[in-house]
Amino acid sequence: MEAVFLSFILMLSIFLGFELISKVPATLHTPLMSGANAISGITVLGALVAAGANNSEMATWLGGASVFFAVINVVGGYMVTDRMLAMFRKKPTGDAA
Amino acid sequence: MNLSAELVNFAYIISAALFILGLKMLGHPDSARRGNLYSAVGMALAIIVTLLADSIVSFEVIALATLGGTVVGALAARLVAMTSMPEMVALFNGSGGAASLLVGWAALYDEILGTSAPSTFILVTIILSILIGGVTASGSLIAYAKLAERMTTAAIVFPGQRVVNSLILVGIVGSSVMFCLEPALGSQWFWVLLALSLVLGVMAVIPIGGADMPVVISLLNSYSGLAACAAGFAIGNNLLIVAGSLVGASGIILTNIMCKAMNRSLANVLFSGFGAAKAATKVEGEVKPIVADDAFLILEAAQSVTFVPGYGMAVAQAQHVVRELGELLEKNGAEVNFAIHPVAGRMPGHMNVLLAEANVSYEQLVEMDDINPRLPNTDVVVVIGANDVVNPAAREDENSPIYGMPIINVDHARTVFVLKRSMGSGFSGVDNPLFFKENTRMLFGDAKQSISALVAEFKS
Amino acid sequence: MLIGVPKETIAGELRAPLVPASVKKLVKLGLEVAVEASMGEAAGFSDEAYVEAGARIESDRAALLGAADLVLRIRKPSDDDVALLKSGAMHASLLDPFNERGLIDTLAAKGVTAISMEMVPRSTRAQKMDVLSSQANLAGYVTVMLAARQINKIFPMMMTPAGTISPARVFIIGAGVAGLQAIATAKRLGARVDAFDTRPVVAEQVQSLGAKFLEIDLGDTGQTDQGYARELTPEQLEKQREGMKAAIAQADVVITTAQVFGRPAPRIVGADMVAGMRPGSVIVDMAVETGGNVEGSKVGEVVDVNGVKIIGLGNLPSEVAQNASEMFSANLFNLVDEFWDAEGKSFGLDLEDDILKSCVITHDGAIVNETIKNL
Amino acid sequence: MNLSAELVNFAYIISAALFILGLKMLGHPDSARRGNLYSAVGMALAIIVTLLADSIVSFEVIALATLGGTVVGALAARLVAMTSMPEMVALFNGSGGAASLLVGWAALYDEILGTSAPSTFILVTIILSILIGGVTASGSLIAYAKLAERMTTAAIVFPGQRVVNSLILVGIVGSSVMFCLEPALGSQWFWVLLALSLVLGVMAVIPIGGADMPVVISLLNSYSGLAACAAGFAIGNNLLIVAGSLVGASGIILTNIMCKAMNRSLANVLFSGFGAAKAATKVEGEVKPIVADDAFLILEAAQSVTFVPGYGMAVAQAQHVVRELGELLEKNGAEVNFAIHPVAGRMPGHMNVLLAEANVSYEQLVEMDDINPRLPNTDVVVVIGANDVVNPAAREDENSPIYGMPIINVDHARTVFVLKRSMGSGFSGVDNPLFFKENTRMLFGDAKQSISALVAEFKS
Amino acid sequence: MEAVFLSFILMLSIFLGFELISKVPATLHTPLMSGANAISGITVLGALVAAGANNSEMATWLGGASVFFAVINVVGGYMVTDRMLAMFRKKPTGDAA
Amino acid sequence: MLIGVPKETIAGELRAPLVPASVKKLVKLGLEVAVEASMGEAAGFSDEAYVEAGARIESDRAALLGAADLVLRIRKPSDDDVALLKSGAMHASLLDPFNERGLIDTLAAKGVTAISMEMVPRSTRAQKMDVLSSQANLAGYVTVMLAARQINKIFPMMMTPAGTISPARVFIIGAGVAGLQAIATAKRLGARVDAFDTRPVVAEQVQSLGAKFLEIDLGDTGQTDQGYARELTPEQLEKQREGMKAAIAQADVVITTAQVFGRPAPRIVGADMVAGMRPGSVIVDMAVETGGNVEGSKVGEVVDVNGVKIIGLGNLPSEVAQNASEMFSANLFNLVDEFWDAEGKSFGLDLEDDILKSCVITHDGAIVNETIKNL
């Protein structure tokens, strides 16, 4: 039954992903990509569980490595996105163009 | 403090909502920065509750790895030059892929060492997580190397490439099947799979030229979402599934949008590694139509746009919408000109009358002789119902009745849109080879309607 | 009440003070209208049209003027005409009261209630009776047509197989009612238009027509509460001339419409500036009748100064006499209509009313207008 | 054939996807009909797999009820006159609500007669299902009666209404709590709850006037979605939850859109029953600003639109966008005019010059005297940077300096938008009471930008 | 745990609902409402289970009644929506307006 | 090679065949240019400007014509001028070859290679040398300016405090190059414009300028492959007159530009139609020099028929002589440039070339043009 729920969730998420990113101005392509990339760092949760569950030593080390990579992705991803977006000052609204 | 699985999952719901909001807001310039923050808060929440959950018992390795990752990530994000952002994103993406690969690998230990025999479903998701993670990791590394010019930015193509790629795919499928049949920790099939995944990532990216890299990164980003999603299935984590599929789906869409902005098809990029060698030989004389949606994306990314109006603009009475499109393009940061050919229209000064009526300022009107040297550096030329005055036959075809007439050399521009209703010829009745050129796209339809559609795209 | 409309006598005056359409409306209000024979002919309105509209045709001018309770006309009356009026009659026309003290005194002496149409205030409410506006508007259009005929170039830009014709540059000095219409007309024809005026509020109005406003810092200028320009100090005028020199030299056409209400027109374009212009270019001096904005302009003539043509045609609205008559007539009708008491069948001559207070000059044998009395 | 719960649920996923697609397509005129079909197919699929599932053992009652329902539904849908569609939708919606109520009720039997004691969570969802179902059912019936003019279409208001409503709410909360504490099949609290739910539905709808009924139905529709969602929780059915919450969420949005199109706020409708008595006394002299989004919705629904341009249009050089908006409105089916006041602008004919430049045809220009008698039947007047020429003080205030000047009586139109940058006065310096009138909305900002925003809305 | 999944699904559905109905032309308000109303007839599933599960007689009758009402909603809803939408013929595209 | 440019001698001809800008370009190509003294004065180009551009001023006309290898001018040469030419010289100007057989024969006899500018084909490639187009274009603009000055109305619509002025109705007959420019100009000024032409392709062109095309079913009309109109049959012409009657009666301004290449202009507007017009309205007959489209029009005169003014001014491009000269000069320059062999420093007189084949009339003592030879 869990697979059913998960599939439901998958289906809904996919639709939602499509709806959310329907029309984005070209200037936002890179930050959006970078922001989405940071979200994909969510693997960090799996990594944490793997590293912390103490199941087997190998799993712990693999988990530790994956925490390391995932955290790079998360921290670096959000920070770099924020830096990019900080550059988007609103253009001064100019004269009655 | 140990949180119950229920509580953790409810927190995950909030995280997921924050991700969704964050993604939505990232799509609008005004809210993008706040959106990124929301999404970061969601991530922090998810991490905290996961750490507090009762399934995590030892923290040493975690603390060390987190510290290391944070320092590396933060330094990289801080120190990188603004211009090197794209390659940085590629690297981050690669480490995300690596993380998925490792999570899958670790899950394998849990499953195989666990109480019951691992189900095939779980095994498949684990394999997917390793495969996609591996492709993402190595592919992103190559993309980084290309962008940072640590390796040749040109497409690397070699004979038999398609054969090699096919063999790799076969190998991956085969080793996966073998591994599922006989799951064991030290299985050689596992190592084969791991190796081939990494090799596949490399092979997928090397045949793509440096200019296409942003699209590739976007695609790899989508892959890394899918990898997270697969990992989520493997370890039964909802948030991984939601966030992963969100990133996966939105990444594909974004990739598609970016492809269009570069005037390429997604399929072209997706399978470029397997068809690049063939793509070089294009059929001559092929007409490439384009729809307003796609034309919009190209115009939106253009730095310089030149309109070339002709009699068709007058017939369609499109002058007002043309001026409007020009204004929108200027607001978008592009340099906009109107190139007027002396004989455009059906009376001397025909275009001037119309453009003046539409209030196009005299400063934007450029004569043929002044615009021609500038065209090779023009991103997009939009030919609006003109035909004879942009016919390269006048330059190239000695037998053409209009040979020798000076024309506006729109075919020298990077991209040319020709707006007309059909493939019909103009006043002189001469066929126009412009329509078949590599960099020409035909936007068929009444010029006013076509331009209006573009304007609508700009305003939405 | 009988309205009498004599034929205009001044040479070159083609307009009619009342057109048949207004006659019809006046008759509907319950007024009688008598017009002198062939009064509207020059503007394209036949006697038959007037009769059809309900007017009586009168060929005896003396009888017409002697009988009328209200005389409507365009130009100021001659002394002979005033003599014919009956005492107590009303008379509405242009009067030029600042410069025609003699005439005003005669009218007062005769006991005529004289309304000076140029004294109708420039309020939003009175605009419909404002002949200065309605005629200046047409005059502004005519200036551009005159210039277009005289110059040996075309106005619009044209990119043609035989090369590109650059648009004519038109520079308009004084952007009041006439100036604004001149700007609009020249813009329509495709010219590149710049304009200048001393009243600072005008800059926005010029831009609202899509033309450029030439910025010259003259210090404090301002305008009267009627919206008219104040006279500049000699230093300011000098500054203005300096600032406009380059614009004039560049221009193919210069149109001057500068006026200061009740004063002679300011002399803005000097002989040196004319000399700076390209041979073949044209100046239209719309203020020529009140002294001229341009040195060397002559009323009713086209003066050629080293190839630069200075057009000093007077009475420009007469050039489009049909429309000008329609407008003038509508203004007069609106005046009568505004104060006509339909029940009492009389003209409500309330001298406390904002509008009448400023435009009635003489009444009951005396000059009642404050401004004119204290001149 | 008995399908496993897994299979049924996978089929539900497909159904849900079809509903989502269907709803999406219903939002676009071209695809709406196909969207409805998709959604119907999804429904059919869901019903079929449910019937095939192993939980259903007897079919007699089902067959009978289905037959009855199909006949009634089909006949009603076929025979109703095109003009009575809205009340029909209300009735259908009501029966949906009744169904939810009954499902909740039936679930109660299953739970209480079931093996273990019902959890509070389940009880709450059942109560919600009954409550929302009941409100939807009785509310929809009243809405039907009002629309079909079977009862007074006027708002029914009586003294103490708010007190009564509050008492009902208290009663509902109280009886729910009591029932949860002591769940029993014949419990008097249950009956109280049931009765009060139905009464609440009635009370919620009677104080709303007939003209607002479409909004109310849309809201009730959203409620019926929520009822289905609650029922889904009660009986643990995913598809009910997905479809129910989809309808609930989209219904709320749709209600909001419709409110805006009627120039009212959602809160105003949501709580109308509780604040209607108060709403009658409005503050005089209140300025009601509006944003372009909302103005768009009103314009979009308008059948006749008159533009009144003034000097501000010239200053903003908005003539081109104004013409464009006019064209869009005409395409949208509205009758569009331009009413020109003789003294508008700063020179005689100022508006003519501008509108001619923008290519507005002479046929659309209407003089003041011709437009005034038509204004009371005009849906929307858009005043573009005009002020003195639409100032009702000229008609009403004997002390005003412009008293007696004929104006364009825009205040006689149903709705007036005034586009200007501030509350400042015009050329004559006289304040304008128009800005404070009941049917006036101020759209502040540069006229060109405001109109452009409207145009953008129309194009998106 | 089921409640968790269901809440996930609820959250996603609500977001999706909001995204789907972001901008609808006024002419489509009524059909859209009607179409959504038909979907809300999904309660029919619950009704079917209640009527067919044979748990208790009362539940069966209640279920039967609810099937009746729900089917009216479903059948009538879809049909009436279709009828409304059938009236939306595309306007002839007219001259180059 | 020496280019000689004599001064135009025909009265009222203000244009100059070559302007200093073109002289400069010709000199750059390696040609010598000599112009007669004060040749460009009337168009606003001084002798100094020519000298500056690289030309030589020659006051002796006979010497100029006798020395030139290529003579450029606007109007056809007088017999005296032809006599002065040296044998083997080239001569490019308007020639009116259909009607000037005598002149053609003289030119042939003298051994001159005569190019008739009106015979330049109407192909896309030759358009830059096409003086008929470039001059007709300006003439079209001038017709509207003439009408605007003569009529006692304004063109645009104005809704003013003194009532609404309805836009002038302009009806344009013949929408070739000149007609189209007249349409555009009248539209710009705000008039309501209708147009008619016998060639069916023109309807779309008229609409492309925002004007209305009057549909009259004449049966088969068509055009030549040069884009010129065919002559109508008498029945068709009658049908056309009938169909246009209402439009003409309604119009404030009628502008006729109908021509049939190589034939007298068709007589389209009869006296009855003129009589049907409102007094005060105006007709501009642009075809007056080739016989006139309007009954009663006279070359160089404004005829008043019961208040309707028929303007029959000839040589309209001369009214905007500066631009007209620039265009004519650019056309001539383009002709020389097109066939100038820069290396061989000679004019590539290839009689097989499409363009030269149709515009070279005489060469080597004979008439070489097929059309003219077989006339």
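A, B, C, D, E and F label the chains in the order they appear, each numbered from 1.
One rule holds in what follows: a contact is a pair of C-beta atoms (placed from the backbone, for glycine too) under 8 Å apart; a residue touches a chain by one contact, two chains touch by 3 or more.
If you're wondering where the values come from, they're calculated on a predicted model, not measured in any experiment.
Across the two interfaces under comparison, B-C and D-E, the one joined by more C-beta contacts turns out to be D-E.
If you average the Cα atoms of chain A and of chain C, the two centres end up 74 Å apart. Between chain A and chain D, the centres computed from C-alpha atoms are 37 Å apart. Chain A and chain B have Cα centroids separated by 17 Å. For chain A, the set of residues touching two or more other chains reads 1-3, 5-6, 8-9, 12-13, 15-16, 19-20. Shared contact sites, meaning residues of chain F that touch two or more other chains, fall at 127-128, 133-134, 137, 156, 158, 160-163, 165, 188, 190, 210.
Contact with two or more other chains is made by residues 20, 24, 238, 242, 317, 342-343, 348-349, 353, 356-357, 359, 460 of chain B.
Contacts between chains form some other arrangement here, matching none of path, ring, star or all-to-all. Screening every pair of chains for touch gives A-B, A-D, A-E, B-C, B-D, B-E, B-F, C-D, C-F, D-E, D-F.
Remark: chain D residues 317, 320-321, 323-324, 357-359, 452, 455-456, 459-460 touch chain B in the complex.
Residues of chain C touching chain F in their complex: 14, 43-44, 127-128, 130, 133-134, 137-138, 141, 145-146, 148-149, 151-154, 156, 158, 160-163, 165, 185, 188-190, 278-280, 307, 319-323, 326-328, 330-331, 334. Residues of chain A that touch chain B in their complex: 2-3, 6, 9-10, 13-18, 20-56, 58-88, 90, 97.
Across the interface of their complex, chain E is touched by residues 19-20, 22-24, 26-30, 32-33, 35-37, 39-40, 43, 46-47, 50-51, 55-59, 61-62, 64-66, 68-70, 72-74, 76-78, 80, 82, 85-86, 88-89, 91-93, 95-96, 98-103, 105-107, 109-110, 113-114, 121, 185, 214, 217-218, 221, 224-225, 227-229, 231-251, 253-254, 257-258, 261, 297, 300-301, 327, 330-331, 460 of chain D. Here chain D touches chain F in the complex through residues 340-343, 348-349, 351-353, 356, 359, 362, 365, 367, going by the rule given at the top.
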